[in-house]
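Letters are used for the chains, namely A, B, C, D, E, F and G, taken in the order the chains are written, and counting of residues starts over at 1 for each.
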Amino acid sequence: MAQLGKRLLPLFDRVLIERFVPEVKTKGGIMIPEAAAGKVNSGTVVAVGPGGRTDDGKTVAPAVKEGDKVLLPEYGGHKIEFNSKEYYLFRENEILGKWSE
Amino acid sequence: MAQLGKRLLPLFDRVLIERFVPEVKTKGGIMIPEAAAGKVNSGTVVAVGPGGRTDDGKTVAPAVKEGDKVLLPEYGGHKIEFNSKEYYLFRENEILGKWSE
Amino acid sequence: MAQLGKRLLPLFDRVLIERFVPEVKTKGGIMIPEAAAGKVNSGTVVAVGPGGRTDDGKTVAPAVKEGDKVLLPEYGGHKIEFNSKEYYLFRENEILGKWSE
Amino acid sequence: MAQLGKRLLPLFDRVLIERFVPEVKTKGGIMIPEAAAGKVNSGTVVAVGPGGRTDDGKTVAPAVKEGDKVLLPEYGGHKIEFNSKEYYLFRENEILGKWSE
Amino acid sequence: MAQLGKRLLPLFDRVLIERFVPEVKTKGGIMIPEAAAGKVNSGTVVAVGPGGRTDDGKTVAPAVKEGDKVLLPEYGGHKIEFNSKEYYLFRENEILGKWSE
Amino acid sequence: MAQLGKRLLPLFDRVLIERFVPEVKTKGGIMIPEAAAGKVNSGTVVAVGPGGRTDDGKTVAPAVKEGDKVLLPEYGGHKIEFNSKEYYLFRENEILGKWSE
Amino acid sequence: MAQLGKRLLPLFDRVLIERFVPEVKTKGGIMIPEAAAGKVNSGTVVAVGPGGRTDDGKTVAPAVKEGDKVLLPEYGGHKIEFNSKEYYLFRENEILGKWSE
């Protein structure tokens, strides 16, 4: 998030996500996997909270990290706008999975 | 999931499932048990998350593994599409049972 | 379940049940207790999961075992069909009681 | 329950109850306390499960025992019939109190 | 409860209450505090269960005892009748407070 | 509560509150902060229960004490009347904050 | 909160927030990030409770402190007015994140 004039540090188990922009390459381009994955809801993790808290008050290390490509549920998440961009806040537990090559 | 251009690693206790395609063999073929089981909702586990987390923040080893044939509930699950295929994400606890020979 | 071409291993605290078929003996036969019990919902346990998991991730030994005759609630349970037979999956805790002679 | 051709062993914290039959004595009879109590829902415990299970999987000894006369809530309970009699299954925690002389 | 032909022992954290009868003294009598308190719902504890059970199965000593004058919520409680009297069963936690002189 | 002919001891985590009477000073008087605060719901703690109980049955020391000026939620609380006065019972956790000079 | 004639100390995990006033600079002024952030719901923490309590009665240190700039959810929070100003009380867990430069 170095490119942002201002940074948001999510609290607890919240994760800040920038959704993928659907890429469409028509002329001689190849439909890249990213685009295929774009049909489902995916994005990049831009900031991660310190982790949720157990009933006992202990902080649990988050399961995702900055830069992770993740699969998001169709509904849910908290849309916010700053620095002329749209972001989404999700509870870590709402994130469905991580994409790997 | 080696055949996939991209892999999805489910988070927590989520399990990625590829449903059985109902096989119908009419001409001299034999109706195999797979097909009979196809009437109920079954599929193959293609990827398993690291396991759910207890209230205390500990990870619990999952009860299913890649390759398991499983029985799914009629409703529920999260349908996703990538690599031109349909998959379903279930919480481990929603899976009803495992098929064995 | 040896007579089944395929076996289902229930997950967690699930129990696979085959319901009693109501027996009716008219000609000189005697109305056996089984039939009387058949008015309530009863069945035979055909397979038992390894046991439910506590909040802490430990597995709890199930309270019923294969072969037990059990009393079922009027509603609930998950009907499935395979090997040309109907079965029901119940959470162990939904089973009301065990029949003994 | 020795008089039953078949016995039901309730599971967990369930309790099998036989409700009091309202006794009415008109001719020179005295309205006994039992009958007065009959206006509220009361019954006799005929079988008790091994006890409920804590979140941790431990079994908790039940608070009622066979033969106890108990006060039942107006609603709830699971009516079952066998051996030509009506019984009710209650969760131990639903039972309001025990009658003593 | 010695005056009762039959006694009720509440189970768990239940408390048996006899509500105050509103006293009205018009002729030279003084409106006693009891009567003032009678406008709110108050009563006398006639029997107390052994105490509620924690998630862990331990019994917790009750916070009220026989003879306590208590303030009750406007709604809730379980009305029962026996020995020609009306009583109310409340969960200990529903009782709002104790009256002291 | 020494001025009361009768005292109420709240049970568990309940707190007895006497709401502020809105003071209005028009003639040369000064609108005191109390009055400003009166627009929100505030009051004085007149009695505090021994404290709530944890799942484990332990009592937790209350966070407010007799004499505290507190901010109350707009809704909720249990209105009671005795000694010709109106009081409110709140669960400690419903109280929003304490006023200090 | 030194400028306040009266201070509010939130209880438990509650946090007192003063929302940002949207700044608009039209004539040769620059639209500062604060204003951009103002489109989402943000504010300054003016007072923090001692922290929430675990099931076990222990107090958990809060994750925000006086002076923090925070991102708030669109809905929720408890609006209160005193010292001629509007404030909002949020449960710590409702606060979405902290802004940093």
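Assume a residue touches a chain if its C-beta (ideal position, glycine included) is under 8 Å from a C-beta of that chain, and two chains touch if they have at least 3 such contacts.
What you see is a predicted model, and the numbers here were worked out from it, not measured in a lab.
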Equivalent interface positions on chain F and chain G, same or different at half: different
Chain D onto chain G, rotation angle from CA fit, given as a multiple of 5 degrees: 155
Whole-Å separation of chain centres (CA-atom averages), chain A against chain F: 45
Where chain C and chain G are represented by their mean Cα positions, the distance between them in whole Å: 56
Chain F: positions in contact with at least two other chains: 55-56
Chain contact graph, described as a line, ring, star, complete graph or other shape: ring
Ring walk, chain A to chain G and onward: A, G, F, E, D, C, B
Contact footprint of chain G on chain A as seen in their complex: 5-12, 14, 16, 47, 49-50, 53, 55-57, 78, 80-84, 89
Contacting residues of chain F [partner chain G, same complex]: 33, 36-37, 39-40, 54-56, 58, 60, 63-64, 71, 73, 92-93, 95-101
